[in-house]
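Below: one structure in structure tokens.
Residue numbering begins at 1 within each chain, and the chains themselves are lettered A, B, C and D in the order written.
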Amino acid sequence: MLRISPAPHITSKVSTPKIMWSVVAALMPAFIYAVHIFGERVILLTLLSILSAMGSEYVFQKLTKREIRISDGSAVITGILLAFNISPESPWWLPVAGSAFAIFVVKQIFGGIGYNIFNPALAGRAFLTASWPSLMAGNWAPPASGTLSGLPTQAIDGIAQATPLTLLKVNPTESIAQSLNSTYMLKALFIGKVGGCIGETSALLLLIGAFYLFFKKYADWKISLGYIGSVFVFSGILYYLGKTPVIPLFHILSGGVMLGGLFMATDMVTSPVTVKGRWIFGVAGGIICVLIRVWGGYPEGVSYSILIMNMFVPLLDRISEKKIFGR
Amino acid sequence: MGIAATFVFVLSNLFVSSLRKIIPANLRIPIFIIIIASFVTIIDYALKAYLPPLSVQLGVFVPLIVVNCGILGRAEGFAFKNPVHLSFMDGLGAGIGFTLVLFIMGTIREILGQGIWMSIPGIFDGFKILGASFTESSIILLILPPGGFLTIALLMGLFNYWRKK
Amino acid sequence: MDNVFLIFLSAFLVNNIILMKFLGLCPFFGVSRRMETAASMGISVIFVMTLATVITWFLYQFILIPLNLIYLRTVVFILVIASLVQFLELFFKKQLPALYSALGIFLPLITTNCAILGVAFLNIDNNFNLISGIVFAISSGLGFLLAIVLISSIRERLENAPIPEPLKGLPISFVIAALMGLAFLGFSGFLGLSL
Amino acid sequence: MSLLTFKGGIHPTCCKEFSKDSKIKIIEPPDFIYLYLSQHTGIPSKPVLEKGAEVEIGQKVAKAAGKLSVGLHSPVNGTYMGTVMYPHPLGGMKEAIRIQVNKENSTPFKEKERAKISNIPKQKLINIIKDNGIVGMGGAAFPTYFKLQVPSSKKIKDLIINGVECEPFLTSDYRLMMEKCEEVMKGVDIVRRIINPENVWIAIEANKLDAFEVMKSTSSLFPWANFALLKTKYPQGSEKQLIDAITGRKVPEGGLPFDVNAYVQNVGTAFAIYEAVYLGKPLFERVVTVTGNVRHQSNFLVPIGTPFEYLIKLTEGPIGKISKIINGGPLMGIAQSQISSCVVKGTSGIVVQNETETLKKEPSPCIRCAACVDCCPMNLLPTEMYKHIEMNRLEKAKEMGVLSCMECGSCSYACPANIPLTQQFKIAKSRITKKVN
């Protein structure tokens, strides 16, 4: 018996699970490093987050009698990214609640993988920030062999409890700006000797993971370059105008710009499909991020900026349709 | 809020129905609106006089009962065509239904969002339903605007689900 | 100048009339299935909202206050809006048929759009002067336009999504609104503007 | 030197090494030959013989019937057995002439003198091409005589000879260029004289560098030829993409190559034109690559009408169980329902797949990875178009350019969720055109 099927008769070896699990692999360097500097609690929080995400997905698919797709890796990514977005000192139930919200309300209600409008991990984080602001904004731990603010302990008194961005928000004095702009500080940020959320400390390791994805074409470098580049350029303009006391390099290395720009903005499902749309998405996201950092109510604007751009994706897809060959 | 709305529901239905014979059909909508608006004004001022804190909290929403589609809908759809006593019951029913929904939503959002229940600012602090440890870590999102949307959505989903069954 | 800019920012983003203030939900959910109609609705709203705010402001300042008839404001305002809409409809039909055919069906719906009345009230409650009031109305309208265009484009994309049956239609729209609101929380505290 | 190319496309494993070095082998004809009356676009040809008549090799057995139609010629000496219904490689059962083969075959065709050829007027050349039943050999099977009659309002600037052969596995054009480069170039010369272009391009993909060198070595004999090396990418050999890559001009939507003053002809067709004009030999045999999951992947010179089954046997059979036989390449070729389908003029290759290669993959939801968007050579938005078609909004799909889709299969190939995009577009296209009619 011959099999009949329409052309094409060969397909590429790329599959949805393969893409998803590659993203998981790309996040591993940053994860291992986080365990190294923050201790085993990171493992607990991340595992709980992943389990909660996969569990929620399983429960939902079971309840709605759908195909169980938890092995495609997408829920694992949501779990890891959510854990990456909370403090290593968070109570154990925080990642559980965040992942459950992310999967139930942000992803599965909309029809599951491929249909969600918002990045589940980011919306989960926004949910946590809105619900338990004190747990999400304070509660930091200094990394092993480093300090919370990334500065030498004796440099500035009385600010041991703040991350660099919080410092910048609450106390933007000349001297603090100076120490934030120092090569020492930038190095600490790049390598990851600064306190902060689990996954956003080391710019270097995040870049390594992301370059693997760019190389495999599982993430679009245009979005990342657009996002991080526009944070750099726009904060540079504001620095020049005297609206922000810190240099652009500090802006792109601190907080979640690397994590967000490399891994969250490039989430395939919640970013535009056209090249033009992707550039707009990245650049506009970067600008919103800087706006929130400089004038907004929060010290960090990465997650909100990407969530806001997520909203615009269907619109961007519509207005940036490609020029059809020969039309 | 619910009670205020019920009040307007009932009274406007009552009025519309008793006046239904003398209202010319082509002018009925503006007249309905005037009737409803009058009652809303009465409520608004009553609240301001007797429960000023609540009035502040409800803010612009009280006068906006005027444009509550539901009330106009009942007036147009039911009261205009039916006798007084039926219209009274209809208005009461619609009002209670409306109140009930508001009440359930308020309950969910208050308990999960703040850990308290039935608080009316300046009058009653509310029952502390859940322990202090929870109150500290309650889901603040629910008392923010997005929480409101979310609660409605999930309630509607549940309602649809039960209705299907 | 700064003040006007703040009013704009507040009404447009921080205190977005739909997502943060729950006003104008009927058209927001009712007319947001198609993006084209949603955009027309949004534009109509901006238009009527600005006119209504200006007229009610004049009425309030120069008739109701001097005559001590503030308690009649609800009645007066709603009548003003209703007749304004009627009038505009006739005017467009006669003078600007192109605009009429574009906005036509939305005009009557606007009468019962609580956003219009709400903005008129908020305008009075905030003691805005005429310029601020106009800015407030336009930016509220723009906020409405932004929100309704966004939700309609999202709903269009979700048209063939396998959303669980009981949640299809209105409930999922509310969830979208909730998540949009969540994203808009990012604007809170902008330049010190609070919710 | 940077290689010429177009925007988009995919990079499937080319798999040409299997049959690349297999020289074109002349085969013994099978016992029976089946010549489908319909193996070109246009009206099927009409049989001209009485049942039981003896036929000679090269003899016309069916004549053209109206516009866009060409005749058929017997590839063998044998007996005309009338017509039967037989499985057509493009699907369905079609009427075919059955010829019983008489094994004594010899080729009576000899090359004529070059000087004589150059005296033949243009119209006569076109008639020769028509009489010898030549159609496009790249797969489309469009009658060549018709294509050569370029409207006088359109001046052809660039003549492009398509030796790209971008489909994986296939090597028939490659072998032709390697072994018959001069003959191919002579054929090109005839086309050149008919349409009188400013430039002639011989286009070859970079993975066939040796063929490129071989062809280029003839340039002293044919000084008018330009040789273009193209980036290895599918579908580089598609007409519109090829013109874009070489001239930078884009054929307008719904238009034809001559709208941008270009003309594309396949190398196989050029070779057939050479044979018709120089040897007086009709198109009755062609090079076919038999490859995929068979023991000896080969290039055969096959009489048109030879059953696939026979050719597969000549390769010493499949490894394991055959599960799929494809007429053409694996990206645009058509899966056969019967192993008895026979070679037509447009058959450039036969690809055999076994069970493990044809595992059916279940589609999963689109994750908007945009792989299809990035690779679509027509610059369409397959993922969005697909959603509109799913919701039965054909108008919207049309607006988005579904009619421009050339069904190259790139999107389906690239899709990580295994969504049958190409198939959906095929269906949508036929539904839209049906509605118009």
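Just so we're on the same page, contacts are C-beta pairs under 8 Å (C-beta built on N, C-alpha and C of every residue); 3 or more make two chains touch, one makes a residue touch a chain.
Given the structure is predicted, the values throughout are model-derived calculations rather than measurements.
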Subject >> Per-chain Cα centre nearest the global Cα centre, belonging to chain >> reply: A
Subject >> Chain of greatest Cα-centre distance to chain A >> reply: D
Subject >> Which of A-C and A-B has more C-beta pairs touching across its chains >> reply: A-C
Subject >> Approximate Å spacing (C-alpha centroids) for the pair chain A, chain C >> reply: 34
**OP:** Round to the nearest whole Å and give the separation of the Cα centres of chain B and chain D.
**Re:** 72
Original post:
What whole-Å value do you get for the distance between chain A and chain B if each is reduced to the mean of its CA atoms?
Top reply: 41
**OP:** Measure off the straight-line distance from the CA centroid of chain A to the CA centroid of chain D, and report it in whole Å.
**Re:** 49
Subject >> Residue list for chain C, restricted to those that touch at least two other chains >> reply: 162, 164, 167, 172, 175, 178-180, 182, 185
**OP:** Among the residues of chain B, pick out those that touch two or more other chains and give their numbers.
**Re:** 141, 144, 146, 150
**OP:** Give me the residues of chain D that touch two or more other chains.
**Re:** 365
Original post:
Quick one: which chain pairs are touching?
Top reply: A-B, A-C, A-D, B-C, C-D
Original post:
For chain C, which residues count as touching chain A in their complex?
Top reply: 35, 149-150, 153-154, 156-158, 161-164, 167, 172, 175-176, 178-180, 182-192
Subject >> For the chain D and chain C complex, residues of the former touching the latter >> reply: 365, 387, 390-391
Original post:
In their shared complex, at which residues does chain B touch chain A?
Top reply: 137-142, 144, 146, 150
Original post:
For the complex, which residues does chain A have touching chain C?
Top reply: 64, 66, 105-106, 109-112, 115, 117-118, 123, 126-127, 129-130, 288, 291-292, 295-298, 301, 303-305, 307-308, 310-312, 314-315, 317-318
Subject >> Residue numbers on chain C that touch chain B, as the complex places them >> reply: 19-23, 26, 71-75, 78-79, 82, 111-114, 117-118, 121-122, 125, 164-167, 170-175, 177-182, 185, 195
